[in-house]
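Below you will find the structure I want to go over with you.
Which chain is which? They are A, B, C and D, in the order written, and residues in each are numbered from 1.
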Amino acid sequence: MNTNYKPWTVDDIAQKVAASIDEGMYVNLGIGQPTKIADYLPDDKDVFLHSENGLLGMGPAPDKGQEDGDLINAGKQYVTLIKGGCYFHHGDSFAMIRGGHIDLCVLGAFEVAENGDIANWFLGRPQDIPAVGGAMDLAVGAKQVYVMMDHVSKKGEPKIVEKLSLPITGKQCVNRVYTDLAVIEITDAGLVVREMVEGLSFDELQAKTGARLIQKSSV
Amino acid sequence: MNTNYKPWTVDDIAQKVAASIDEGMYVNLGIGQPTKIADYLPDDKDVFLHSENGLLGMGPAPDKGQEDGDLINAGKQYVTLIKGGCYFHHGDSFAMIRGGHIDLCVLGAFEVAENGDIANWFLGRPQDIPAVGGAMDLAVGAKQVYVMMDHVSKKGEPKIVEKLSLPITGKQCVNRVYTDLAVIEITDAGLVVREMVEGLSFDELQAKTGARLIQKSSV
Amino acid sequence: MLNKVKDSALAAVSQIWDGSTVLIGGFGLAGQPTELIDALIEHKARDLTIVSNNAGNGETGLALLLKEGCVKKIICSFPRQHDSYIFDELYRAGKIELEVVPQGTLAARIQAGGSGLGAIYTPTAYGTLLAEGKETRTIDGINYVLEYPIKADFALIKAYKGDRWGNLIYNKAARNFGPIMATASSHTIAQVSEVVELGELDPEHIVTPGIFVHDVVKIGAE
Amino acid sequence: MLNKVKDSALAAVSQIWDGSTVLIGGFGLAGQPTELIDALIEHKARDLTIVSNNAGNGETGLALLLKEGCVKKIICSFPRQHDSYIFDELYRAGKIELEVVPQGTLAARIQAGGSGLGAIYTPTAYGTLLAEGKETRTIDGINYVLEYPIKADFALIKAYKGDRWGNLIYNKAARNFGPIMATASSHTIAQVSEVVELGELDPEHIVTPGIFVHDVVKIGAE
């Protein structure tokens, strides 16, 4: 295996996603890796973080000792509210999501298919207990859905595939995938590689991907 | 025609309806005659008046000079809000109505049929412009619907009928009719007369009514 | 720094194109965004489809918009009022289309539009003229009519106070259709009596979060 | 004089009968009406169907209600959490029924229940396991799933302040499911940290109007 490249860290990826977010956007960051993105949003840009449990204008974690059990995010972590933020109930919160008012949602995923299908809620093994939370609403409701995940599984298997092998969360809803190896756009023409880790060849990336990739230059 | 009786005035009827309203009830009073009922609700009973434009705890008209264009009722008259009342938007207001949270609604009507059908929104003549407002929501949504109207039309024709001749507002929703001559309960068995104007005979009342009445004593 | 506060009503409503669908807040005159409507007239909008509870009073606001020939169709619950003579005349002359919708159904359809539902079954109007030709269904013994969402290109609403992110609070019963209309349009323009600093509106008291509002216009003294 | 304030949590929840459906507010621990749940356990309720976002954390509140064998079925969006071991064990032992509903659909079904709609078409979960066997429809090119309202016999919610008419305000993100659950039950019991005089809650700031609340229980120091 080629070792001329170093995969991006979660912080690297978070920084890339953050850089793609424009001022004035309403953004929901999924539980797990995507939470990191908040750390890289520039202070001079007004970007609004939505949390499906009823927050708009979610701020960073509170200082030690300032935690408030009534002020948590969708991952049930302590957070704060920025000046100009507000609270609302779950009905209104999911009206925002389902109604297409969230500009961007960044989700973690088990698998993404080349047509934009996403699987991120349930492994479907006998021992697993199904639990979906807001994943299906976000997948179907946000104007743009980005996925942030490792390029391959812990066993080294591709997570970007032709067809999902796991139970689906939402159909044809992912617009872009950020992995530790590449940034891939899901287009009508197929999976277009926008950017790759330095030192990684296109063929190597293709070998780690379960669906056909298209080089950006060729589109 | 027998003249041994004097029809109840609108105030008389309003007083009767008011007396039937229990403490703690949430009540919507329709435009027109029913508005009068508010004047006869006893001060020592907590009764809540709902107005579909977003008020709960509607109070009496303001003093002269205290009118506020932002504080009107569904009939677009100036009103006040009592202590403990609140404001909400139209979605929430009709959720209250449609969701069965209003205990009682008192409506005016053109016609009421013996099965509880009501016509009160549209005469359907060529020159008429249809306008429904909240009438259909109230008819179908309130737990109990009372009608308050004259017993016969200006032409002397019965307004309580076997079958509606006018466009319907809501099916089988009226529970009780208060007229200037009688109080009539709409039951599965038929129209049961609860009370009549003094000096009026049952036969005379029947003659002014377009559907078969049942004497209270006979049920 | 994001600032949704526009310099003038005209600047805001100039974004409205001919033939667009516009939600207009208000119940009678309470909550009617009169100054935005005046600007829409000045903008010489044409062929609008208007969704509003009423069809105008007297000769100002919504009534004037109708009189000036800006409106092709109106969707409302209660067009006919004692002072709706401008609408009445246009209607009788066949110069305006009318769709009458029960008030609660109007609200529910707007809410469905704002919250991404495809359709709803509502009990209101079952068996009436206003449900003629509509799909119906009996669920648990109750009869319902299938109603589709109302979504619009623009919403013009009146609030009391707003900030530069578009957070809004309302005044008394002038709240009426404002909060739900804001959710159901691609572009919501709110006129306010006061623009306040960010953070002045208590996060517990904000009725319309800025996510639903695109322009804020202060009305009154310059 | 109407006074919805009850003397104790037990007095309020004692109205709950075995086999009833109970909405329980909260998102994780935020907004969970822990003291009402404790009283429900003391009341020895049985065969309940619980509707709540989660299936309990640790060994208190909702988790304890499950542990004590009060619950037959739970309808929720996210049962499995790092500390949901009580639920996990009951589920794996086949001792509790589970209906998993996407969080937004859970909210929408509760709202449909509270607002008298017969059913709704929602895009969420189309084509997934959670829509299997459900009716679907394509409207304007988008695929929807038909979902039915959730209505309950009781709702237990936690608010911040309440008055004797049942008007409520909430604290921060503890608001979550409280306001919508209050609308969808025949009998809503709200625990509050403070009971205030009528009129102390600003009519513009009341989140849950008293019409949706039947009992108010003050929790904390006597």
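Following the convention adopted for this analysis, a residue touches a chain if its C-beta (ideal position, glycine included) is under 8 Å from a C-beta of that chain, and two chains touch if they have at least 3 such contacts.
Bear in mind the structure is a predicted one, so any value in this text is a computation, not a measurement.
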{"item": "Whole-Å gap between the CA centroids of subunit B and subunit D", "value": "35"}
{"item": "Subunit A and subunit D: spacing of chain centres that average the CA atoms, whole Å", "value": "29"}
{"item": "Where subunit C touches two or more other chains, by residue", "value": "108, 111, 115-117, 122-123, 170-172, 203-204"}
{"item": "Multi-partner residues of subunit A (each touching 2 or more other chains)", "value": "81, 87-88, 94, 97-98, 141"}
{"item": "Pairwise touch network: line, ring, star, complete, or other", "value": "other"}
{"item": "Pairs of chains found to touch, sorted by chain label", "value": "A-C, A-D, B-C, B-D, C-D"}
{"item": "Touching residues on subunit D, where the partner in the complex is subunit A", "value": "27-31, 53, 77-81, 88, 91-92, 98, 100-108, 110-111, 122-130, 143, 170-180, 207"}
{"item": "Subunit A residues within the subunit D interface of the complex", "value": "51-55, 68-72, 76, 81, 87-91, 93-94, 97-98, 122, 124, 128-137, 140-141, 167-171"}
{"item": "Contact set on subunit D toward subunit B in their complex", "value": "1-2, 111, 113-117, 163, 165, 167, 183-184, 198-199, 201, 203-204, 206, 209-212"}
{"item": "List of subunit A residues in touch with subunit C within their complex", "value": "23-24, 26, 44, 46, 48, 50, 56-57, 81, 83-88, 92, 94-102, 141"}
{"item": "Sites on subunit D touched by subunit C in the complex", "value": "108, 112, 115-123, 137, 139-140, 142, 144, 148, 169-172, 202-205"}
